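Next up: the structures, one after another.
The two complexes that follow have chain A in common; it is paired with chain B in the first and with chain C in the second.
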Partner chain A sequence: MILAARNFKPEIRNFIGIKGFWLSAFVISVFFYIEGKGLFPKWMFSLPRKWQWPIKDYVSDFMIWLTEDASFGFFTFKEMTRGLAGLLEWPLSFATSLLSSGFLEGQGSQAVQVLPSLSWISVVTVVIAMGYYARDWKLAALVGGCFLYLAVFGQWDSAMITLASIAIAVPFGVAAGLLVGIAGYRWPAFERSISPLLDLMQTVPVFAYLVPILFLFGFGPVAAMIATVIYSMPPMIRISIMSLKGVPSEILDFGNMAGCTKRQLMWKVLVPSAMPGLMVGVNQVIMLSLNMVIIASMIGAGGLGYDVLSSLRRLDLGGGLEAGIAIVVLAIALDRLSQAFSQRGSPTYHESKGSFVQNHPWLTTVAIVTAGTFVLGMFVPSIQSYPESLEIGIGESLAEAVKWINITFFDALESYKTVVLVYFMVPVKLVLLKMPWAWSIFLLSVLSWQLGGIRLVLLTLCLSLFIVVTGMWEKAMITVYLCGVSVVIATLFGVPLGILAAENERLGRIVQVIIDTLQTLPSFVYLIPVVMLFRVGDFSAMVAVVLYAIAPAVRYAVHGIRQIPPALIEAGITSGCTKRQLLWKIKLPLALPEILLGLNQTIMLALSMLVITALVGTRDLGQEVYIALTKADTGRGIVAGLAIAFIAIIADRMIAAGSAKARKRLGLG
Partner chain B sequence: MNRTSRFAVALLGSLALSTLNVATSQADVESNDPIKLTLHDWTGQLLTTKIMGSVLQNTGYNVEYVQADYIAQFAGLKNGDLHVAMEIWETTGREAMDEAVASGTVENLGETGMEAIEEWWYPSYMKDVCPGLPDWQALNDCAEIFATPETAPKGRYLGGPVTWGGFDDERVEALELDFEVVHAGTDAALFAELESAYQRKAPVLLWVYAPHWAPAKFEGEWVEFPKYTSECYSDPSWGSNPDLAYDCGKPTGPIWKVAWTGVKDKWPGAYKAIQGFSISNDEMSNMIIEVDLNGKDIDAVVSSWVDANKDRWQGWSGQ
Partner chain C sequence: MASSVKLACKGVWKIFGHNAESFLKTHNNAPGSEDLKSAGLIGGVRDANIEIYSGEIFVIMGLSGSGKSTLVRCLSRLIEPTGGEILLEGQDLLKASDKEMIEIRRHKMGMVFQNFALLPHLTVLGNVAFPLEVQGVPLKKREAQARSVIELVGLKGRENNFPRELSGGQQQRVGIARSLAVEPELWFLDEPFSALDPLIRREMQDEFIRLQNVLNKTIVFITHDFDEAIRLADRIAIMKDGKIIQIGTPAELVMNPATDYVAEFTRHIPRAKVLTAGLVKESFNELVQTAGNIQLNAVIADIADKVEQSSKPFAVVDAEGKPVGLISRKRVLDVLVGREVTA
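Presenting the complex of A and B:
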């Protein structure tokens, strides 16, 4: 009915109405900008404390109750979480012993090594074997090379600590994600109810829930691992639900005909058929877990993340970069390996002939190498751990390079920076801060009405009013400003780069490598050189955000251009389009929905990065979350984290609605 | 899939090849449970903690180091997850420490002997362009030299992270300084900017603290404000500005040791040794320089201190 009524309106009048509305809105906004703060009472810009709804106090009180009083009768809530942490500690300490510390007996400094850890030679052999098993010699060489790099560049010990925690966090994330996904597949109502929760898990910054995790699970690697699992699980849940739904109904019917029980149907039919999709989820979990390495090291995970942080505290840029690159290298190895496993077809069954050794050449090799290096390692230390004298490092050269850039180009950079600040960033900031909140929310609601209708309006209203009543409006506007400015710049650079990369195969490959590196390299590594060149302040934060968030803008633009049906482009060429017309009239409009999705992702990444840029001194919600973390203030952190999540959700829903509209107009369905 | 799991089994099998027997030597101490000392992310604290740790180990105690956040660790100290924190700075940690001590489960074990200095700092070459320094009254004459395009005509002062406190905004107002306070988010960012300015010999005015490697690596001085007294912070009428407090410099303050209250009963000997721990600013600065500027290994620096000062640390526990 509603749809019919809306279509009934004459298009032309509608168009003039919309235009007129935005024109007058613009005039009113200009008026606010010039006159606003003097004419209106102060509460229209930031709500006084006594009117605020003290949600953060409720959250903090709830947390205190949870850790001190909550009880199930036989045991308290805290005993339960501590018990859980104790359980998780077993596999984690096993993995750490195996890869890094060796098996110990006793506690603390009195512990005595019972068995050494795996030697570096046998770990490299294992990954080479896995690479060959998963695909071919090329992959084996790549993965082996990555691990050798870790040894040669002196990152081995830390890398193995990191690998151990990932090796345990990933299976937990995958298993939990799969189980929740299956539940979501079985009961649609459950799926609907967890969907908003997943949105929050993906958008609330990790810093916001680190404090409660510390309270509940204690200090140390286990708490860090739990934070990692929470952060990396949502994509697994989503992908599980999607790929289970994507199993063709014929297969299901076949399973039913064969008389499967419900359980058999799930585990013997559905899950194996959905395996390729599920493996994509596994890959996501691995990558997100590696993203967490730095943050996890802040609460006691140690490993490569700790090396990055402590080198940068000493301003040892080379050391920070070495450890950062080690994270990238580890990520590349694990990513390629897991992708190869996901693309590997189901194993074919061979009649076994010959002896065990002939049937399992790799298993035998690995076993022999492991046993051999174990025995030899007792006598020759360089077999057990890579000799320090053969390690190399880039150390000083990077610091020298930054120094050279700093001395030679600082003045030039400073003048570009001033131009961008004065003519772009500062005006945007002022506009956002000078609008009364009610007016901003009103405009936002009108926009969401145009894009998506009444449900979207209600959503944006509720979420943005939450930000107002918790007293976060001003900080939220600074967040929107920093994020918005960065997204605009990332899009301005990213989309054209993506279009160029899509047309030119060679350039495409180079761009791909660069953006992959930028995304896996811990941002803290480039944050410090950025500060050296641009000083502490909004501009440095913006540069760091752009570097991190440009990846999806490029990637989706490439994808958007490449997925255009060739027939449409040929049609353009035959009807005599020039190259420019081809781009502007055919390629860009058709790629628009994809580009919008990329924009959406860019916004999400920019928001997640703002928490990191708080480390160079911004004054937005990210800073609020960071302060709450250092003051161990649960409520403050969660509320600020939710405010960030709500900004993300509003942006996401509005862009999704806009993208759907664009698709409809283009007849893409 | 099947074959990979067999890999794992093979690995386990090879590890189980032999088990060695262990005989732990147990010294005569009250409890063999590990005493958990917290490690943070700055070198001085790592040194202090590891010195304490090796001293305890040498007297027979079992020690474990736990990585924890400076403020967040109090949650752990309160419920006995963590036991000892070796460096709580009067200047940055007082509030959290007082709150924890008030809860009755954390206790202050006294001063470490080190004195925290925190103040506005500038590199020596700034004296050439602003000859009135280090007197604070010269700052206003040189405000424009310290200005950047964002802050001009006011000077720019780079303060510590907001969480460090320090009342710099209040100080600027009370002393009527033509400066804008910009807060760095972390100490890494703070010193990155100093390093950058120092390379270019560019004007910079920022928060520097000691013991730290920066005052050793870079040549410079602290600005001399009117000397701190507690009245200055609490009583507006004190000092040059009759209407506002904070018209003086920052306090220097001791660095404290704190522990979970259970330590006293569980490891009385260790408790005594921790109370006795004392080390001077100079000693600490030298060790920090060894580690951060000369690239030595922390553990090596710690063990050479412990070897060289045997008499001293044996005296801590009063043996």
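Presenting the complex of A and C:
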């Protein structure tokens, strides 16, 4: 007993120490909150300009030097970017001609169409054939239906422009990602050196990519496509390295024993064996490209994204909603189709019977339909492009519906909005803004020391001081506030929903489908209904972020509950736990590490969405990036983008440390 | 054995860990277990010395973690040994350049893997023709050659199937066919039948014996199954903790196990199937009347019925028919019930 007591004591003392510290920290914080800005000098809250470190000017100067003076001897940097743009322009204009505008000769209004584009009938036939080839009739019907929707509801032209960008961006993204991935697989040192870069690329908000690209490549579809390729590459690199490493060592041994050269080993043995994994990467590239092509409408990618953007700017809600639904439809079709291709697995043997036509019925059908509609389309315009008279415009009725909702539910919506704003959002914002930065950073450091030790403290210190010295602290606090509020709400709704879904098979399936669909939608789409119902402002931004970021909270909660070994639950039941006790005392503690991982993902998604909500009038770092984008101010955009990435990295590392601690305590390794 | 040495390894070491090479040098190529442990290194293969003769089945047997897979990968240089020499017909493989090694593997070596290692995106025909494809053999020729090996392993009619459409046994037949497609002189089999269920395993062992009777390759066969080793081997090397403990014919291991560890394996082996008449014969006595002749290398299990039914002993004769010993009913019984027998 004495021994036990002695062992116990320091722990208690430690506990009181920690508690005491946070209690006094709370008191000091309250003091700052009440007295704060009056009592202390202004520099404690935002650093005056003359003390700031003008990194953004350095970056801007560097970019100007790069475009005006930099030279590689034989050619200048400017010539290189021009050349690259030219290289990409050709395939892109080919794809656009093929799918949308037709092949033209001449410039501007004098252009004469030499060849028409693919007819809508043949495009629909192609996707139906692909759907059937990839899986079955059901998928063929789904993707065929999606594309028919685009034709019937008058979104065909924009959708085909978007599709053309994707059709060119995806092969580039996949090829580049695969090549870098192979290099990373071959040279571990290279992998180690690109790994932090990939981390950064995946946390820097999408807008921040656009700024330097806008600066280097100008405004237009090619610049948008370059942004798309760069944005969609990192996951492909990661997945390539992972899939190549996952090839069984025996297959590698076999390749060597067969006497493969290094190149043969890579292209004939490793890459084909890693194919199922690589196809998952392709699916990711497609979905990310779609997301980016929509966002890149800001730097000149036309298509559906541009329709949404211009409708939002005109406050034409019906038109925005129409284009938004078209994006959703296109996203679902592309996702299901590419997923089916990645799940097809290795081929099976088919008895070949007779001629080429009999062996390839689909290829033949597609060829006949394409050729047939091409010829007929010259005489019958409605075969070439879907007749406008049969299009169903739902824009106006949608606008009416929105108006009706707004009128009927105005009081209810407005009161929800006010309550949340006044009692939750505004206080949080004030607290964060009223703390001196030194005090906030100190508390953050203590927290990281408790979670992860000295290395984590150094990391958080460096990254948060960067935000201070670049003069971004106040805006960063607004970002933290919006992100934090959204994450709290997403968690409050998402985790219980996940737990319910894990307990109830049927609900689980429904939730799964909804979550899957939510995750395939480009982030842009979320803005549309939010703006319609709540107009612009912090509240709308928060709702959009919650909608976008709730998926991982639900998903990880479901997984966390489901992965608990059944024996532990049986042990609980046999000890006589009630259902409630079972949940609180066994399931939740064991699912905690997973739920924390979900929280981490939620924060990452929230930050990436937050930047996009700059369009609905926030005043955070995202707005800073957006302004930089409209002014093509590279330095400003990159510094603000880095600040957001640093917030993400700090949150990620702290939660990862916390999750690891929880796992260790549970003995989950 | 009269035939020539095909593959020899001399003082081969494979040490895993940091600075293994300099560690081996500073310990005069003979570090002990304690040295390895204190340096934090792991001895995967420790001082392996083997000579494998042309046309023999040489089995390397050991439990998991004994280093047998590491050793066979050193022999084929899939793993770079830390020290020693590996001589294929007198040429040191460890001194061969990458290019030379590719040539040697393309033309002289074939290997079969435990989990088949078939390429999932190629048909049976494509898999078997693959080693020829990487050599640059033209399509028609390599497919013809592949078809003939596929027929040899009994998979005719399955050429256009993909690996995942075949059973485990069939998949390993593809693996075997593929390793034979280049007509290698040296055939490595790394636990080829371990992933198969027992009935199929037995069938595949019979198949393997049949193939070897036709092909007469030099074979290095890895297994963790002592019964399998006894059944297939001309000679067996037993490994433990990276060291080779004993090398000998199955009968030698059964009769004279070098350590308790080896004895533990041999204890449960049906000795009648291993021991030959020559090993258990009594000295020849011209005065004794014999019932007939028995070849020196006849296995006891095969002659037991004949000897037991006769009251007189049989004469054991060598290849020229010259009597060299006797074998009586009691002697056969001794072997069958497991009593000590000494020649």
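Note that in this section the second predicted complex is superposed on the first by the 616 of 669 C-alpha atoms of A that agree within 3 Å, B and C clash if a C-alpha of one lies under 4 Å from a C-alpha of the other, contacts with A are read in each partner's own complex, and residues count from 1 in each chain.
Note that in this section contacts are C-beta pairs under 8 Å (C-beta built on N, C-alpha and C of every residue); 3 or more make two chains touch, one makes a residue touch a chain.
Quick caveat: nothing in here was measured; it's all calculated off a predicted structure.
Contacts of A:273 after superposition: chain C is touched, whereas chain B is not reached.
Of the two partner chains, neither chain B nor chain C is touched by A:428.
Of the two partner chains placed by superposition, only chain C is touched by A:264; chain B is not. By the document's definition of touching, of the two partners only chain B reaches A:614; chain C does not. Shared-chain residue A:253: touches chain C; no touch with chain B. Looking at the shared chain after the overlay, A:219 reaches chain B, while chain C stays out of its contact range.
Contact with neither chain B nor chain C is seen for A:444 once the two complexes are overlaid on the shared chain. Once the two complexes are overlaid on the shared chain, A:315 sits against chain B while remaining clear of chain C.
Contacts of chain A with chain B, set against its contacts with chain C after fitting on chain A, overlap at residues 347.
On the side of chain C, the complex with chain A involves touching residues 73, 76, 78, 102-107, 109-111, 113-117, 119-123, 130-131, 133-135, 160-165, 179, 188.
Note for the complex: chain B touches chain A at residues 1-4, 6-7, 10-11, 13-15, 17-20, 22, 24, 26, 32-36, 38, 41-43, 53, 57, 62-64, 66-76, 81-82, 96, 148-150, 158, 161-163, 182-193, 195-196, 199-200, 202, 213, 292.
On the chain A side of its complex with chain C, the touching residues are 248, 250-251, 253-254, 256-261, 264, 268-269, 272-273, 275, 345-349. On chain A, the positions that touch chain B within their shared complex are 98, 103, 105-110, 112, 114-115, 118, 126, 129-130, 133, 210-211, 214-215, 218-220, 297-302, 306, 309-310, 312-315, 347, 360, 362-363, 366-367, 370-371, 374, 403, 406-407, 410, 414, 417-418, 421-422, 527-529, 531-533, 535-537, 613-619, 623, 626-627, 629-632.
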